[in-house]
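Next come the structures, one after another.
There are two complexes below, and they share subunit A, which is joined by subunit B in the first and by subunit C in the second.
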Partner chain A sequence: MPEIFIDDKRYEFEGSPVLLQFLLDVGLDHPFFCYHPSLSIPANCRQCYVEVGTPVPNRETGDYELDENGERVIRFFPKLMPACKMEASDGMVVKTHRSSELVKRGHKDVLEFILMNHPLDCPICDQAGECPLQIQTYKYGPEGSRFEHKKVHKPKRIKLGPRVILDAERCINCTRCVRFTEEISQTHQLAIISRGDKNYPATAPGREFDDPYSLNTVDICPVGALTSSDFRFKARVWEMNQTPSIDVTNGKGANIDIWTRDNLVMRITPRFNPNVNDYWMPDFGRDDYRRMNENRISRPEVKVDDTRIKSSWHNAVLTFNEYLSGVNNKEILGIGSAFSSVEDNYALNKLLNRIGVSELVFTPNIEEGSGDGFLISDDKYPNTNGCRLLGLKEMNPAGLNKAISAASVKVVVMMEDDLVGRSVVTAEDLKDKKVIYFGSNNNETSKLADLVVPITCSAEHTASYVNVDGRIQRTIPAKETLYTNRKLNLEMSVGRLDRYATKYDNWSSDDNRIDCVPAWEFIENAAEQSGQPFNFADARDVFEDLSKSIDAFSGITYERMDDELGVVIAGSEKQKVTSA
Partner chain B sequence: MSTDWKSFQPLLIPKIPNLHKIDVYEKNGGYKTLKDILTSKDHTPESVTNTVKAANLRGRGGAGFNAGLKWSFMPKPDGGPRYIAANGDESEPGTFKDRQIFEYNPHQFIEGSIIAGYAMDITAVYVYIRGEYRSWINMFQKAVDDAYAKGYLGKNICNSGFDLDMYVHSGAGAYICGEESSLMESLEGKRGYPRVKPPFPAQKGLWGRPTTINNIETLANVPLIMKNGSEWYTSIGAKTHPGPVLYGISGHVNKPGVYEYPTGMLISDLINEVCGGMRGGKKVKAVIPGGSSTPPLRGDQLDGVRMDADSLREAGSMMGTAGMVIMDEDTDMVDVLWRISHFYHHESCGQCTPCRDGTGFLEKTLIKIKNGEGETRDLDLLLDLCTQIEGRTICALADAAAWPVRYTITRFREDFEKRVKKSAFALA
Partner chain C sequence: MSNEQQYTFSKEELAEIEKIKAKYPDKKPPVMPVLWMAQEKFGHVEPEVQRLVAETLDLPEAHVYGVATFYTQYYKEKMGKYVLDVCTCLSCQICGGYDILHYLEEKLGIKAGETTEDGKFSIQSVECLGACGYAPMMQITNDVYCNHLTKEKVDTILDDLKKDKLPEFEQIPFPQHQNESSKS
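Up next, the complex of A and B:
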């Protein structure tokens, strides 16, 4: 296997990796700004200098030249080379700042230049705490600056587009944002304008940066130059918890991190998954934090004499069982939801099956032609394939409407899906029927329900979703509900080192907790109340149960989903998402 | 020097009235060499390349690389398009020679381009001309139109079956676009950012296709070589750097201008004989031999220094574009250096950090010294900054910005020390 010597230590490699990436992959910290693994390599920041030499081949023997001591003769490049523009080659010798004073000096020199015109106001900069420039200055920068002149002033607070604001003074011209719009989103909306130290990225005159992926430029900006107009100055990085999760606004299921503070979701950023979304996500997925925070249903609600009142959980369970047992099982219609998780649909289906109700029906929410073939799919719900694999009965909206409005149906049990808001059914259709609605947010459908069961949203539970490509991925709870806490619920965030907070940790908070439970838990409570518990203690039990009873899910576990970055369910990729 | 410069007859811009008109050019033997090459069986693309290589025609754009050797780097034709980008951006302060070719002898350059095109199986030649040269662009466009009308450009040139197009492209006022890779970016309609090499232009140039970039003056030399042979050419001027050169001389001399002489001229001859001596009989203080980026030479160290690559390297400078700036003893080198640094600060494209911010640092420190607020340590700082800038960027502009600073300070330190206060402490 080809070998490379970095700081006198031997490493092996395959193929011809980019030297900088190889350094990072073997765990050697190295400073850089403009390089990004998913973008082209411009080598313009000049931060990742190394000394590089290659052995001298002997043309006659085909071997390498040796010196008098029998050591290989190494021919070094006469200048410092940017590691991002070098490819590892067999026998290459690399000196980083660990072994070369010249490289160390090179890193300092470039940082001195970058900081020369960069505002030194980290305390009021939104990027502080997650700023590559700040981090690398501490690690590799000069102790002070010799620059005693006026800095270059550039425009600040430029609204590039509806979601992105530019502070040109902070910009270090790494061109990551420009390359993103050229190579990834391909809208070509940004370009560097002006020249020399007056450079900064901008849109063409009169144009907006309204790229549907524009906020990714904020993520990859290595300084505080690009900020999200929605998130800026709302929270400090170190105040938030970062929890890996899945985007549920879309059939693609982009991998995300949910950032919470005091049980409020502050922002959503993409998480790297080469099989799904790489480093990116669409802008509207980030807006989903509003759904997680606002307009939530807290505590069950029941309708008594046409008035909606808050109820206790105990009463809600009793009411639920009363509705189901009060009618003939042929008069009950269970409606699943492609918006809800595999576990929730499965639990409801299992309960209703047991009392003799046939499979849940569901209707996908697909807007043909609204996808872009990248990370925005036609399918607006995250779990359409999951419902199919569970064996739920797929119907088109008209079919579902017919099924609901049939006179024989007396009780409708709905998993979270705003069928009224989606105009699948009308208030008229639901008249004279008992409607049980499992939902996390108030909407048109929950308004009409006779019993509303508040359930956790994707930021509060562990649950799995099968995306449009048949990949099953799971969420991890990022914020607490009223009856869970971080310490007891082991599925909780792994964002902070001190993640299992006690009440005495000053960052742990009781604020903003919603009084809701996962849908499967309510169903378990109902089953237990009727004397036949399923014995589901947590979401793992539900998933274990369904992976045993449904072939498609057999052999799949949460551990596999975590380790393999989601598992493609055999055969499911052939299931075409259609509007039926 | 094998030829006597005093009897030298200009070859690049011969003294023939109205030579820029295609009829006059043809009457004086123009395009005959081209016809010979295209129609006779003795010439193949390889033989043309080899002749130019043997003539040791060194690029006139600054780097002085053997043009024939550069041509031979082009890969074998694969049926796809291949390009020449002729560099007439000419923005280096002190350089003003290519425009004389556009004005007085454009057809010799066109003929040279076609021969080069034939040698490398080129599809099209892009002539990139400095945007400020508006009238010269118009003049040259007229010459190209005439050449098309006479069938020297376009399809089936001289009934040889060889096709070649020539396009005139105007720059937009950026010095950096004279750098070969940003010239290509600019031609492609992009921002003039130099490209990282490798890949070299011969592998992946314009639109990802093999491309050779030559200076205008370099290509204008090609018909001479093909007409008279490489031996004749190497007999002109300095041995290792032969041929006629357009010296663009400016500054404090009595008769500044563009003069054509062989390479290897004594700088003292150029000043005293060619340009009629220094203005007011003053002493020479400094000579910038090849455009503002080349290190200046001291006036008292010019003895025996000749204008060719080897002699100038020995003296501590470079041939560059042979755009000489002569300065007399009244010149303040601090002001000169500030003006040069201001230019590089203004023209840095801003792609690489050391140049983008370093040039500004240099200029601001020089302004401080110029205003009498500098200290001795600032001189050391400037030299230190040069080390931080040189050789640390994608293109050579950073070197071009740092060299004048380094060599002006080291060679004219007394001028700087007069302007600065003594530092209370030395810079670490």
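Up next, the complex of A and C:
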């Protein structure tokens, strides 16, 4: 196997990796700005300097030339080389700042140069705390600056587009944002304009940076030049905690990180998954934090004499069972939801099946032609394939409307899906029926229900979703409910403020914890109340149960989803999402 | 964006552009000659003109904008009849490029980047024009170079320009050739 010597240590490699990527992959920290693994390599920042040499082959024998001590003769490049533009080759010798004073000096000088006109405004900059420029200056930079002149001033607070703001003074012209619009989103909306110390990225005059993926440039900007107009100045990075999760705003299921502070979701950023979304996500997915924070249903609600009142959980369970047992099982219609998780749909289906109600029905929310073939799918819901694999009965909207409006139906049990808002059914259709609605947010449908069961949203529970490509992936709770506690639930992440806050600190409160439970938990409570518990103690139990009873899910576990970054369910890859 | 003027290329110009395109394997390189054509025709490459170039070459507008703004030789707005490009890059700067620039600014009552009210003169401070040996220097409207500038020389040039008389092209031999030319 080819070998490479880095700081006198031997490594083996395969293929021809980019030297910088190889350094990072073997765990050697190395400074860089412009390189990004998913973009082309312009080598324009010069921060990744190394000394590189190759052994000298003897033309006649083909062996490497040796010196008098029998050591290989190494011919070094005359100057420092950017590691991002070098390919590892057999016998290559590399010196990083760990073994070369010259490289150390190179890192320092490049940083001094980059910082020459930089405003050095970290205390008021949003990027502080997660800024490669800040981190690398701290680690590799000079102690001070020798630049005693007036700095070049450039435009600040430019609204490049509806979601992205540019501070041109902070920009180091790495061109990552430009390359993103050229190579990934392919809208070509940005270019570096002007020249020398005056240049910065801009849109063409009179044009907006309204790329549907524009916020990804904020993520990859290695400085605070590009910031999100929505998230700007809302929270410091070190105040939040970060939890891996799944985007539920469309069928692609982009992998995300949910950033919370005091149980409010502050922002959503993409998380790397080479099989799903690489490093990217669509802008609208980031807006989903509002759904997690706002307009939530907290505490069960029942309708008494046409007025809605809050009720206790105990009463909600009793009411639920009463509704179901008050009618003949043929008069009950269970409606599943492609918006809800595999676990929740399964639990409801199981409960209703047991009392003789046939499979849940559901109608996908697919807008043909609204997708872009990249990370925005036609399917607006995250779990259409999950519902299909569970064996729920797929119907088109008209079919579902007919099923609901049928006079024989007296009780409708709905998993979260705003069927009224989607115009699948009308208030008229639901009149004279008892409607039970499981949901996390108030909407047109919940307004009409006789019993509303507040359930956890994707930021609050462990649950799995099967995306349009048949990949099952799961969420991890990021936000506490009234009944969960991040210090006790070891799966939840604990940030600095969570760890050290008490009730008496002004940065912590109970205000943002919603009075809700996962749907399967409410169903378990209902089953238990009627004397036949399923014994589901957590989401894992539900999933284990369904993976045993439904072939499509057999052999799949949360551990596998975690380790393999989601598991493709056999047979579902080719299942094309179409409206029924 | 004003709509009062619709910028277009004529049939002949489009044919010319096709010829330019045929010279290059890629789509991007024709930007420069085509921007130049446009500037010759319209006298500037304002955003509307840049857009025309982008559409004609089927290139992103942002890219054309990037190229146009890189070069001071492309006029991104309407300029005076005579554009005085004063070099303030290193060699000229050392030899008094800024003195010349400020002298001009004072004389014309405008700052670099501005145009006189009568529309006669614009001043730009530009980067190296490759005539460092004759520093300080300036170029007039992408045309004649005026070398070894002094205040007196600037006075004469301005007086002449007011009479629409462009300075003569000056041949300055390299020092190593100076002897030869005096010998011959």
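What we mean here is this: the second predicted complex is superposed on the first by the 563 of 580 C-alpha atoms of A that agree within 3 Å, B and C clash if a C-alpha of one lies under 4 Å from a C-alpha of the other, contacts with A are read in each partner's own complex, and residues count from 1 in each chain.
In this text, a residue touches a chain if its C-beta (ideal position, glycine included) is under 8 Å from a C-beta of that chain, and two chains touch if they have at least 3 such contacts.
Note that the structure is predicted; figures quoted are calculated from it, not measured.
Participant: Overlaying the two complexes on subunit A, which is it for subunit B and subunit C: clash or fit?
Facilitator: Subunit B/subunit C on subunit A - steric clash.
Participant: Given the superposition on chain A, which partner contacts more residues in subunit A: subunit B or subunit C?
Facilitator: Counted on subunit A, the partner with more touching residues turns out to be B.
Participant: Tell me the contact category for A:106 with respect to subunit B and subunit C: first, second, both or neither.
Facilitator: So A:106 only meets subunit B here.
Participant: Could you look at A:189 and tell me whether it touches subunit B, subunit C, both or neither (first, second, both, neither)?
Facilitator: It touches subunit C, and subunit B stays clear.
Participant: Does subunit B (first) or subunit C (second) touch A:205, or do both, or does neither?
Facilitator: Second partner only, subunit C.
Participant: Can you tell which stretch of subunit C bumps into subunit B once we superpose, 23-31, 41-49, 77-85 or 113-121?
Facilitator: The stretch that clashes with subunit B is 23-31.
Participant: Taking the stated contact definition, name every residue in subunit A that is touched by subunit B in one complex and by subunit C in the other, in rising order.
Facilitator: 191-192, 194-196
Participant: Mind listing the subunit A positions that touch subunit B in their complex?
Facilitator: Interface residues on the subunit A side: 41-47, 49, 78-80, 85, 106, 109-110, 112-114, 116-117, 146-150, 152, 172-173, 191-192, 194-199.
Participant: State the interface residues of subunit A toward subunit C in the complex, per the touch definition above.
Facilitator: Listed in rising order, the residues are 181, 188-196, 202-207.
Participant: Which residues of subunit B touch subunit A in their complex?
Facilitator: 174, 191, 193, 196, 345-354, 356-361, 364-365, 367-368, 381, 388, 391-394, 427
Participant: Can you tell me which positions in subunit C touch subunit A when the two form their complex?
Facilitator: It comes out as residues 1, 47, 50-51, 54, 60-66, 69-71, 127.
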